[in-house]
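A short worksheet on the structure shown next.
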Amino acid sequence: MNGFDKVVGSYEEALSGLVDGMTVLAGGFGLCGIPEGLIAEIRRMGVRGLTVVSNNCGVDGFGLGVLLEDRQISKVVASYVGENKLFEQQLLSGQIEVDLTPQGTLAEKMRAGGAGIPAFFTATGYGTPVGEGKEVRHFNGRPYILEEAITGDFAIVKAWKADRYGNAIYRHTAQNFNPLAATAGRITVMEVEHIVEPGELDPAHIHTPGIYVDRLIQGSFEKRIEQRTVRAG
Amino acid sequence: MNGFDKVVGSYEEALSGLVDGMTVLAGGFGLCGIPEGLIAEIRRMGVRGLTVVSNNCGVDGFGLGVLLEDRQISKVVASYVGENKLFEQQLLSGQIEVDLTPQGTLAEKMRAGGAGIPAFFTATGYGTPVGEGKEVRHFNGRPYILEEAITGDFAIVKAWKADRYGNAIYRHTAQNFNPLAATAGRITVMEVEHIVEPGELDPAHIHTPGIYVDRLIQGSFEKRIEQRTVRAG
Amino acid sequence: MALSREQMARRAALELKDGDYVNLGIGIPTLVANYVPDGIRVMLQSENGLLGMGPFPTEDQVDADMINAGKQTVTAATGAAIFDSAESFAMIRGGHVDVTILGAFEVSVRGDIASWMVPGKLVKGMGGAMDLVAAARNILVIMTHADKSGASKLLDDCTLPLTGAGCIRKVLTDLAYLEIEDGAFHLRERAPGVSVEEIVSRTAGRLVVPAEVPEMRFS
Amino acid sequence: MALSREQMARRAALELKDGDYVNLGIGIPTLVANYVPDGIRVMLQSENGLLGMGPFPTEDQVDADMINAGKQTVTAATGAAIFDSAESFAMIRGGHVDVTILGAFEVSVRGDIASWMVPGKLVKGMGGAMDLVAAARNILVIMTHADKSGASKLLDDCTLPLTGAGCIRKVLTDLAYLEIEDGAFHLRERAPGVSVEEIVSRTAGRLVVPAEVPEMRFS
């Protein structure tokens, strides 16, 4: 044990300090690569008024969708929220606010937040509702809009393997937004399938260096599939 | 063979199209991870008036330093050029121009160039000569300066292993600026120690996806060491 | 006769060159992958973070950690690379994807595209569409020429909120293949059996019709 | 008596806490790694792209592909991670490195630092110093109190071009340990055998001297 050992003993400890009104960045794309146990713990804690930044907001009854059931979320920053009837109801009734953000801009905003870049220009969204009210500037004759970084009080992410220092590897496309959210949380909590000893992972294979990870917990995952598409074997 | 096979048969072919006055982005940090054979070919070609963007400019007689001998470089964008007497002479005599750029800003400018981000704000350089003439803006009460992206006509990079499609892996700290330069060249030429067949590299271990690589050549490398520091074994 | 979905996909596939990195949107664009001509290899980019998308998995290959941007289970092709979403959109935004094929509600003579939002209907989000249209050098829109009520989707000005401004140059509909230049749709090909008159009557935006409009070919 | 280089490194090492990620500049800062107190583990970040820098290699471990930011051959510590330079400076710029220790030519009462350029002398470049000082939450400058001619390096205003503005809060010299607050150096510790008077006489910038200035301890 030493100061770099990020492993915590319980979900309570993993999310200690998360209170009403905070901003939570969540990794995952659809239901792929989501921190299932951490989401369950947020539900159990009953914290409310959360701003959730995540590409999607889960589905009814799974993923971040479960936090809608108890009305724990007051605002969602996402690129696509179409998989969730409860979300739809709460949006239409004004119980929840949504800030729709292009997927690439959302990813870049989180990366910028973690990288100390407060704002950047992008062509994405120029001339669309996304660009309204944002500064426009031309570079090489092309118009771009200014987008600001996103950071969170907490980031909750899911990795495949991590060593005790938090050096983490994602599996297949379950990587998605996880490494980005991991960099941009004031406190980053990572839930993994396997915790290994430092030295077991090749330094060149690390996707998220441990410096970004504050707390690490081993979870078990249902890994629900949204669109099971197969071909004849 | 197919349209994704990036392997070329000769250095001539690798750098075909490089002409006087072009901007060349070069990977490497000091002499670590530099595309030795591509640099030698640029020397052989005798192209002049090059703008070279690279963290360093080699040493006398090795690395990018050899391009100084024949006065092929007219401008260098770098963070540190202190290892090179020839550079010093040419700078003092006004034969070469230098744009000193903080190392992190240089890395981020190349990344931005490859990522379609024309400009970003950073605190680095605010209040210093680097910030002079650049726009200052405050975010959350802190001053930042606006830095613009860098792209090149060519990028020359060095990787360890790549498959024929250009999916590449770097070895240890020879990674450095290589993946960034690779994204920001209009034509990106990669020199590697080992070319392997597609499928031999784990998709999760790829540092530079092949989409960034236009031409691939196998080289042999001297790998000169600048500061050989050892401890008693 | 108006093209079937499969015919549209087949015609769209002719836009692909050997060695192209391609992003296909959901719907008809996805079908394009099935009609890539012989001798042409393309690599599919899926914006959640996969370059080199393979076919759907067999039952025993299904893996919840391997999905595409449509959240469907997929496989990785030989020579694939997997990365995070910032890298995926760096690749897109930086113009490294050669061809993007996607659907739309409306396209204008200026190359504006509306594809994500119908006011009054629930807004689900733009996903990666705004990034894709803002970035790709070569975008092909595939859509029906008119909506179900018969109203043209090729307009002087889009009526719906935009996905991107001034970024579309090519449109394939069930009636025609058109290019956008100098503030007009230019009729390049007509679907087999479809008359120029019908296309003219179903195109609301400024349309330039050359003296000769060849019939579309599919190979 | 003024501190030796080793004493300065030893005192600086007391600023480190167990679990700190630390970036050490060249010169005396590099020596700090040799004096990390028992029971404290730190991980060294090398800005060329290595988190978890180990000791120098033995002769047979030397590898041209494994160097640090000073271009010295090094090893990777257990639990290291290696990445590109953009990621390395994302880590730095984003404030994830806990402690940065680096040298300087001058520091001002406003926390300005000059460390990279002496006009009239050849400018070699700032390397990563500007990024480091602009980003770290906790920076310790280590330098001699005065230059070789005896001129103070602790000033009201830096005379040399800056590396960063308003970013330094702590300075360790061969004579004293000082903190910068409210536009003044606050004398916190004096080197063993060095009088407050000597420190006052060698400090050109506004200096606040508390009633009691303890002698520096090294453990």
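First chain written, first letter: the chains are A, B, C and D, and each begins at residue 1.
Everything below uses one rule, namely that a residue touches a chain if its C-beta (ideal position, glycine included) is under 8 Å from a C-beta of that chain, and two chains touch if they have at least 3 such contacts.
Just so we're clear, the structure is a prediction, and the values are computed from it rather than from any experiment.
Undergrad: Using the touch definition from the top, list the chains contacting both chain B and chain D.
TA: Chains that touch both chain B and chain D, as defined above, are A.
Undergrad: Write down the chain pair with more C-beta contact pairs when A-C is set against A-D.
TA: Answer by contact count: A-C.
Undergrad: Quick check: how many Å separate the C-alpha centres of chain A and chain C?
TA: Whole-Å distance between the two chain centres: 29.
Undergrad: Taking the mean of the CA coordinates per chain, how far is chain C from chain D in Å?
TA: Inter-chain centre distance comes to 55 Å.
Undergrad: At what distance in angstrom does the C-alpha mean of chain C lie from that of chain B?
TA: For chain B versus chain C, the centre distance works out to 35 Å.
Undergrad: Spell out, as numbers or ranges, the residues of chain C touching 2 or more other chains.
TA: 50, 76, 82-83, 89-90, 92-93, 135
Undergrad: Could you pull out the residues of chain A that touch at least 2 other chains?
TA: In chain A, 108, 111, 115-117, 122-123, 170-172, 175, 203-204, 207 touch at least two other chains.
Undergrad: If each protein chain is taken as a node and each touching pair as an edge, is the resulting graph a line, ring, star, complete or other?
TA: other
Undergrad: Where do chains touch, given as pairs?
TA: A-B, A-C, A-D, B-C, B-D
Undergrad: For a test of understanding, state which residues of chain C touch chain B in their complex under the given definition.
TA: Spelled out, the residues of chain C in touch with chain B are 17-21, 40-41, 43, 45, 50-52, 76, 78-83, 87, 89-97, 135.
Undergrad: Once bound in the complex, which stretches of chain B touch chain D?
TA: Its residues touching chain D are 29-33, 55, 78-82, 88, 91-92, 98, 100, 102-108, 110-111, 122-130, 160, 170-180, 207, 223-233.
Undergrad: Sort out for me which residues of chain D touch chain B in the complex.
TA: 46-50, 55-68, 70-74, 76, 82-86, 88-90, 92-93, 112, 117, 122-131, 134-135, 161-166
Undergrad: Spell out the part of chain A that touches chain D in their complex, as residue ranges.
TA: 2-4, 111, 113-117, 163-165, 167, 183, 198-199, 203-204, 206, 209-212
Undergrad: Enumerate the contact residues on chain B facing chain A in the complex.
TA: Contact set of chain B toward chain A: 108, 112, 115-123, 137, 139-140, 142, 144, 148, 169-172, 175, 203-205, 207.
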